[in-house]
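The same chain A turns up in both complexes below, where it pairs with chain B and then with chain C.
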Partner chain A sequence: MSAITPIAPTPVTPVTTRRSRRRRVRKAGWNLLGLFVLVVMAFPVYWMVATAFKPGRDALSYTPQWIPLHPTLDNFSEAINRPHFWDSVKNSLIIVSVVVVLSLVLAFLAALALAKFRFYGRKGVIVVILGVQMVPLAALIIPLYIMMSKAETTRGLHYVLGVDKLSGVIVMYLTFVLPFAVWTLRGFIDGVPRELEEAAMVDGTTRFGAFVRILLPLVGPGLVATSIFAFILAWNEFIIAYVFLQSPDNQTLMVWLASFTSLRGTEWGPLMAGATLCAIPVVIFFLLVQKRIAFGLTAGAVKG
Partner chain B sequence: MVSVAESEYPLASRRRRRFSRQRVGRATAPYILLAPAAAVIGLVLAYPLYLLGKLSFEKYGLFELIRHQGRWVGLDNYSKIFHDSQFWHVLGRTLLFTVAAVTLTMVLGTAIALLLLQVGRFIRVALTTTLVLVWATPVVVAVDIWRWMVDYEFGVLNWTLTQLHLGNFIRHDWFVSPWSGFGVITALVVWGAIPFVTITVYAGLAQVPQELLEAASIDGAKPWSVFREVTMPLLKPIFVILISLSIIWDFQVFQQIWIMLDQRPTSDYYTMAIYAFSQSFRLSEYGLGSAIAVVMVLFMFLATTVYLRQMLKAGEVQ
Partner chain C sequence: MAELEFIHVNKVYGNETVAVRDLNLKIDEGEFVVLVGPSGCGKTTALRMAAGLEEISDGEIRIGGRVVNDLAPRDRDIAMVFQNYALYPHKSVYENLAFGLRMRKVPKAEQRRRVEEIARVLGLSDMLQRRPAQLSGGQRQRVAMGRAIVREPKAFLMDEPLSNLDAKLRVQMRAEIARIQQALKVTTLYVTHDQVEAMTMGHRVAVMRDGILQQVDTPQRLYDAPTNLFVASFVGSPPMNLMEAGVEREGNLLVCKIGDARLELPADVVAERPALAEFAGGRVAIGIRPEDVREASGWDGARLRGRILLVEALGAEQLVHIEIAASPLGRGDLVDTTAQPPGPSLGGVGDVERAVTLLGRFDRHLLLLPGEAVDVAIDPRLLHFFDLETGASIPTVDVPVAAEVAG
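Moving on, here comes the complex of A and B:
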């Protein structure tokens, strides 16, 4: 700026260029540091994908090969052809889709109550919903196991509940998916301005009409985002599936992936290919909805 | 008087009656809407929690599992674990791990968030995308990746450290010593936890009024003291929530250790969750395991309370 000043420009210019050069150097330093952090954070994921595409002798070499020079799909086909891969895919999909549908219906009703009504005990319900998400599954799994083995021998109940039953696992997955879904959906419903509904009702629509024509379309994206996140939660779950689904043709994809070691040791190439396959649907979905959900757990913590 | 009013203004009273019926509807509606979810949460959360407490006072082994009936033993399980030195080792190890992992996660996560403010647009977008990618990686997948990176024979870490002349790491097994083993596990946990912290803090930083920061630096404050005196107090609610969530998540660490050590960790690698799990499902001592789990839940109760209070204070919940 001082360079354009007509009075005595010459003594000022070197100072500013020196300062701006220093600033540029500092900026380059920050960028370099940023690049370094990026490489460190990204490397594990890159290494998984790179290993997945390497032929066996390149993956298992004492000097690592940084880029897959002879890319091949052998590891993927080997992973897919391992026993029980397709069973696991099928089981995961069944469990996840039923859990998502069930929890979304139940959670939507509960979230409506929390977002649209002021009632006695509301705050208590919110505290419970937030609090139970913190109970460790590793602790809950003990009583759940006792419950399920008891239900197995109870007439009537044994059709649905029990050890080594997909339906039992579906019910147990609701322990963590349902409270999460209630909380997230409540945020989305709260985000719809009350005035819109009221305006529709003033114009002569019934409360139900306002709900169907105003609230539902506006909450739609929130419903999609919540169901995707519920999908990810259920897809990634390990402990419950690991303990309860004992027969190999009942296991889920994550249990399949965790039990990849054979007697000959770990086959890293196929394992990394399998890991990539398990991660892909989650990563795609996550990238779609991350912005919408990310702040549910900390919502409203900073307000100017 | 009411009857007079009714006879004089029949229409008004009818309307009033309809209003009150509507009010009753409005009063019960939320409870009806909540009922199904509450029933499910009661079945899969409240009852198991009650059962966990009950089991911790019972002898519940294989015999009892077959009979589906525990035997009441009072405080025996608790006195047994409190007199067992292994329990105190495990508790200490879990606390140490939690402190280390939470501190590293918060410091590195915040540092990267501040770094995001300094770098150019291209690096910022690339780095944020990377963070989201790491965040999206399922835990089981992440554990397998790290297991591969630290593999004693073909792992990329041993090769790199040897090439950097930091020592001879050829065929170095990181899990022989629990200290270096927990080092790897901490690195894995922190790596996975940084994105959530960084992205949340970064979003918080964006909401700090720029004028405040400018005013402070015009007054001659150094960048570090601007951060400490202006930014930190404004972000305190976020930090309280992030720290309590991190404590809750790291204190119950299970999968990372369990899968990393081939699903059969030695007792050197027991944390509270793994200890409770092994007592129950390996030794079939479900009563003892429940007592350990109860202690774990009580320890986490503190962090949970802090988290809940901050969430309620945030006003979002009104």
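Moving on, here comes the complex of A and C:
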């Protein structure tokens, strides 16, 4: 064939090999960097779990013990049997589930308005939502505390707001979970072409019907993703819970974990066991919903 | 099936932007009307008002004699095909097709029967269980069509349904849609910016510009007797050659002066256009279709001297760009800007103000080379005349004279 069609030029070999070798080296460099980042991210998690299984002596040993040589469950039983563990679990679950549900419902409606309607001040609302997230939470603790203690003495408000109240903490959590959730959901809703709902309306649904049958299933993965992040934000929050939930009956798991550090030092073994236990619900929640996210990625690929 | 009627329909956005101005258009039962115009001319807005997706600022829209201004889209019993198909990505092809029937509470068995029949007609039977993401562009287009057809609505509204397809598929689907419409005889309003689509598909074509309806007529009438410079320049591909010309009276004759050339207008041409005499001593816009531009050998009438700039061989014919001495149209605002003929050549006749590039469709056997001089024959009977001020065509009246056309 090549004798008849001499048009196709023979590749100039030395140049291409040098170039491909350079490319391979560069690729290996990026891979190494990726591996390094992975180790930096994953090692603390591994160390936490590993320490949780080590007896107290090994946990504090100066020569690092990479794998627990004498694995034990003592730390776990000690953590679970510590006072207020189950109270903390209950409190954390209440706070987190209420925050996730409320923030998803409210944020979805708000995001819908921002994505679908053109109203006066829309741009302003978007900027404020983004701006609010820039404010450091620690700076708000004192003003929040003053507001909460005042609300305690205000009729009507004192049912919900106040220091050392779960409902008060829920409201405060919403202030930072909501803007984040609105922002994320808006992106997901914007990704659904307007024509899809219009087509459904022409096909015979009401506006609300189009919303339920078309928009909601398509935004579903977005709702799931947002709920995961909202869950993590609320579950891992420490400062507000630490400052506002003073009585041991009301504390969340994160505050309970802090109780392992006392004036006499830190009980590393039980602390790591407790931390491992705290991470488990997040992992379970993610495993439960991650299938929905994977489905969402393929559904989003179809534009119209 | 029903007729679709726009009566003095206006659409104003905010307080000033007028998208559609006093639209009057009646689409008869079973008729296929194409609404065509450059982008931003208000054609899609008009369609969306008919669908109920856009509020009507003023006027009335009737479907089957019933005013639908305040009806929700679902109560109008129309089906719409969207430019981006708008298939429900989370539903299978079957569910997409059946959705409208399900919403209208058609019994399950009946749904199945109708969906399967449509799928068979459109060649989608094998892919009913697939999702839109797994279909090619042409197949998605068919599903979108099928979703409209299966409902058996009073009217089809189609919003540039072919613009996302590649050129070959577009030509194929064009014929298919026209065939389906003919078979079903459903009143159809079809919006496009592509005048070829408009001409080939519609029983009648409505040309719109800047929210104003310019002309509604059969494709042939639109081509033969454009009502103004805009329609003349918009309809036809390649577009009509347009230029300015002087009109002078010489004794009993009216003479048209193109550049330095004199073109005597035969009596029947003048008799057909009584208003033309009023332009004597002034200037008009004249137009001639590319296929009416001829090489002058054997022609004993007036000739225009020209120079060949470019020859585009199209296979069946050749498209020849010829530069002649004439005045280009001064009023660019009266014509379709996208259909402007190519500008004057670089270093051509000399005076740019006095050179016009004439497009001619010539027989493929004619040997023409760029750079050569060529004589062009213009038959005055094939000219179109327009008022330079308003852009309106100089009206013709029927004169019962069998005029012989030069061939």
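By definition in this document, the second predicted complex is superposed on the first by the 237 of 304 C-alpha atoms of A that agree within 3 Å, B and C clash if a C-alpha of one lies under 4 Å from a C-alpha of the other, contacts with A are read in each partner's own complex, and residues count from 1 in each chain.
The rule is short, and it goes like this: a residue touches a chain if its C-beta (ideal position, glycine included) is under 8 Å from a C-beta of that chain, and two chains touch if they have at least 3 such contacts.
Quick caveat, the model's predicted, so the values are computed rather than measured.
**Student:** Please indicate which partner A:G204 is in contact with in the superposed arrangement: first for chain B, second for chain C, both, or neither.
**Tutor:** The answer is second: A:G204 touches chain C but not chain B.
**Student:** Check whether A:V169 is in contact with chain B, with chain C, with both or with neither, and answer first, second, both or neither.
**Tutor:** Touch status of A:V169: no partner.
**Student:** Taking the superposition on A as described, I'd like to know which of chain B and chain C A:V132 touches: first, second, both or neither.
**Tutor:** So A:V132 only meets chain B here.
**Student:** Which one hits more chain A residues, chain B or chain C?
**Tutor:** B
**Student:** With the two complexes superposed on chain A, say which partner A:P217 touches: chain B (first), chain C (second), both, or neither.
**Tutor:** After superposition on chain A, A:P217 lies in contact with chain C alone.
**Student:** Mind working out whether A:L60 is in touch with chain B, chain C, both or neither, as first, second, both or neither?
**Tutor:** Touch partner of A:L60: chain B, not chain C.
**Student:** So which positions on chain A get touched by both chain B and chain C?
**Tutor:** 298-304
**Student:** Over in the complex, which chain A residues touch chain C? Could you list them?
**Tutor:** 193, 195-196, 198-207, 209, 214, 217-218, 298-304
**Student:** What part of chain A is in contact with chain B in the complex they form?
**Tutor:** Those residues of chain A that touch chain B are 27, 30-31, 33-35, 37-38, 41-42, 44-45, 47-48, 51, 59-64, 106-107, 109-110, 112-114, 116-117, 119, 122-123, 125-128, 130-132, 134-147, 149-150, 153, 171-172, 174-175, 178-179, 182, 187, 232, 235-236, 238-239, 243, 254, 257-261, 266, 268, 271-272, 275, 278-279, 282-283, 286-287, 290, 294-295, 297-304.
**Student:** Applying the document's contact rule, which stretches of chain C touch chain A when the two form their complex?
**Tutor:** 51-53, 72-74, 78-80, 82-90, 99-100, 103-104, 131-133, 147, 151
**Student:** Enumerate the contact residues on chain B facing chain A in the complex.
**Tutor:** Where chain B meets chain A, its residues are 26-27, 29-31, 33-34, 36-38, 40-41, 43-45, 47-49, 51-52, 55, 60, 65, 68, 112, 115-116, 118-120, 123-124, 126-127, 130-149, 151, 153-154, 156, 159-160, 191, 194-196, 199-200, 203-204, 207, 209, 234-235, 237-238, 241-242, 245, 248, 251-252, 254-255, 259, 262-263, 273-274, 276-277, 280-281, 286, 289-290, 293-294, 296-297, 300, 303-304, 307-308, 310-312, 314-317.
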